[in-house]
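Next up: some structures, all given as structure tokens.
Shared between the two complexes below is chain A, which pairs with chain B and chain C, respectively.
The block that comes next holds the complex of A and B.
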């Protein structure tokens, strides 16, 4: 059986952010918590503001996770896969897009919304940001299941060339209802 | 295999080899403000087959949606043909879908739980009294191949002995309006790899395949992998980065050489950028000599079903010693000189590579063989 170890973890929900089990930020300001966190990272990444809620939450959680790693970032690599799971797919973006086509008198489908109506777009956003050419995948489960996730992780490490995994549960139903629990895993050398 | 041109593999195979296409023009369908060319499943035949082949006593809802019906139908057929025991804890169900029951969002107060494809996957597992939590791969247009690669790894890992993989998507205003807004749709039947190609057509289908551990006869996956372009969320890489890398790894893992391949069955959506990107990736991977074909001219782009539908049709055609024509192809219009043909081609080799790419920058390649010596 494939052995791996956990390098870092991040947990992000509307009330707090935890990195490696330590509370590093809490919601409470006038502005959106996600925007606060973006500013706290000191990023100049305007694409962030075009993202849907699923991608924003996944992107921020991945940034706090990778910040912990300390090694040089943004070097193209194939050996790190991005594998995320949830239950409701891209539900929020789907609802927003549906609204743009719901009324015949106001039929105006927006391509910038449509592209986010797939759950795996966030894996692409993380891959683009970090120059990850490795595997990327999104798996939907009917319910949260530690067992199913552990099996999916083992399967991901069976891929030729994958030695590291950015993985976890990522659900975002609205600006006030989201939950990211991501980990960075490496195979044991 | 449930498609607008056949409800069995044999019907589909015969239709494809005789050049029959399911694509037609739809005007005013669903009150859409523009016409589009696509392939839709015939409702009456679908109803009839569903009533005949499924046992409604085992269904949790009185009225299944079209998506649920085609998904269940394909699963029922695959389970019946394979003779497996679907109740076994050594069996896992894997669904591939991009948009599932998204059409339900049109209702005023939709049942959000039922909208997600994970719910349909559970419905299928429950129908067969299977005890395991089903997986749903939702990785854009590569989902169908990605789900087969996941199945392969589920077996290699030793967690399961059998994986039933079903790929399904049905069309709705949501999907058609979305692709139209991206200006990706052609207003005529698509022309993969042709100089005058104008875009893709969308199609509906469901296809299922059963993978099992063992040294038995028949088709086997030799390896498969996903790679990301890390370039753009909705546009293919100009260097074919992800597809090139996926092809390279799939070839290495399978230990096949270009010479061993009967064909590359590629995505070939007939958008300007996709087909050009694929030609560059294939050229970089040193596979430009291998016969290339694409099946979108028969079915359109069937989204989550495409990876399974196209893989199965390629297997069936190679069993017959043929590579199906790329319907709609005329003059090559990509920068790398690929071997594409508008005619069915006779071959004797028994291995191929399936290639797909999708939004989110994802690309998948997998190698298959029916040569027992490998």
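The block that comes next holds the complex of A and C.
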């Protein structure tokens, strides 16, 4: 059995953000909590506003998680994989896109929504932004399962050269219904 | 509303340029590349949909897009000359 340790964790839901078990932000402003968190990061990354909900939540959770790495952040690496899971895939983007093609008299498929109708867009976004060249996967599970997730982590670490993993549950069904619980793991080798 | 201002307002909406106002967009600035708005290929597709949906213009020649979408000014000139609604 592969042994690994947890470097950092983040939990993000509509009411709060926790980093390493510490509450760092709570919802309560008049604007969207996700937009508030984006502004709090002080980034100049306008692409954020083009993302679907799943990508926004995954992007923000990963930003707050990786911020903990300090100066090691953005160092290109081949040994870190990105492995996320959920139950409902990119359901929200799928539904928004469906709306753009549901009415024959107003049939205008929206390209910027269509590109987010896959859950692994967010894993790619995280990998590209952070210059990770390892494995990138988004696994759909019938339901949340510690056992299935641990098996996936074990398998990911068996891949040649993978010593670190950004992993966790990432579900986002709407602006008011999402849940990210991500961890940064390293093998003990 | 002037056509250039109308286009800027619609672009901000469909391209989700959340932190921009029409005043931030220069009529003659390039829409693509580092010096302009920095739009990407998906944005081009959105602009094509915008012209068809709002002005009845169908762009079928991909090569034409480069000139049409050079700036807000070139877009407005093209819309004014070719709109069907």
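Just so we're on the same page, the second predicted complex is superposed on the first by the 188 of 189 C-alpha atoms of A that agree within 3 Å, B and C clash if a C-alpha of one lies under 4 Å from a C-alpha of the other, contacts with A are read in each partner's own complex, and residues count from 1 in each chain.
Everything below uses one rule, namely that contacts are C-beta pairs under 8 Å (C-beta built on N, C-alpha and C of every residue); 3 or more make two chains touch, one makes a residue touch a chain.
Just so you know, these numbers come straight off a predicted model, no measurement behind them.
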- What is the contact status of A:96 with respect to chain B (first) and chain C (second): first, second, both, or neither? neither
- Query: Can A:160 be said to touch chain B (first), chain C (second), both, or neither?
  - Reply: first
- Which of the two, chain B or chain C, is in touch with more residues of chain A? B
- Task: State whether A:110 touches chain B only (first), chain C only (second), both chains, or neither.
- Result: both
- Message: Quick one: is A:140 in contact with chain B, with chain C, with both, or with neither? Answer first, second, both or neither.
- Response: first
- Message: Contact-wise, after the overlay, does A:124 reach chain B, chain C, both or neither (first, second, both, neither)?
- Response: first
- Message: For A:25 in the superposed arrangement: first (chain B), second (chain C), both or neither?
- Response: neither
- Examine A:46 and indicate which partner it touches, taking first as chain B and second as chain C; both and neither are also allowed. second
- Query: Which residues form the common part of the chain A surface touched by chain B and by chain C?
  - Reply: 109-111, 115
- In the complex, chain A residues that touch chain C: 35, 46, 49-50, 108-112, 115
- In the complex with chain A, residue positions of chain B that touch it: 31, 33, 98-100, 102, 105-106, 112, 115-119, 121-122, 133-140, 146, 150, 153-154, 156-157, 159, 173-174, 177-183, 223, 225-234, 241-242, 245, 249, 252-253, 358-362
- Message: List the residues on chain C that touch chain A in their complex, please.
- Response: 14-19, 38, 42-43, 45-46, 49, 52-53
- chain A residues within the chain B interface of the complex: 76, 78, 81-82, 87-89, 91, 94-95, 97-98, 101-102, 104, 107, 109-111, 114-115, 117-121, 123-125, 127-128, 130-143, 145, 147-148, 151-152, 154-156, 158-161
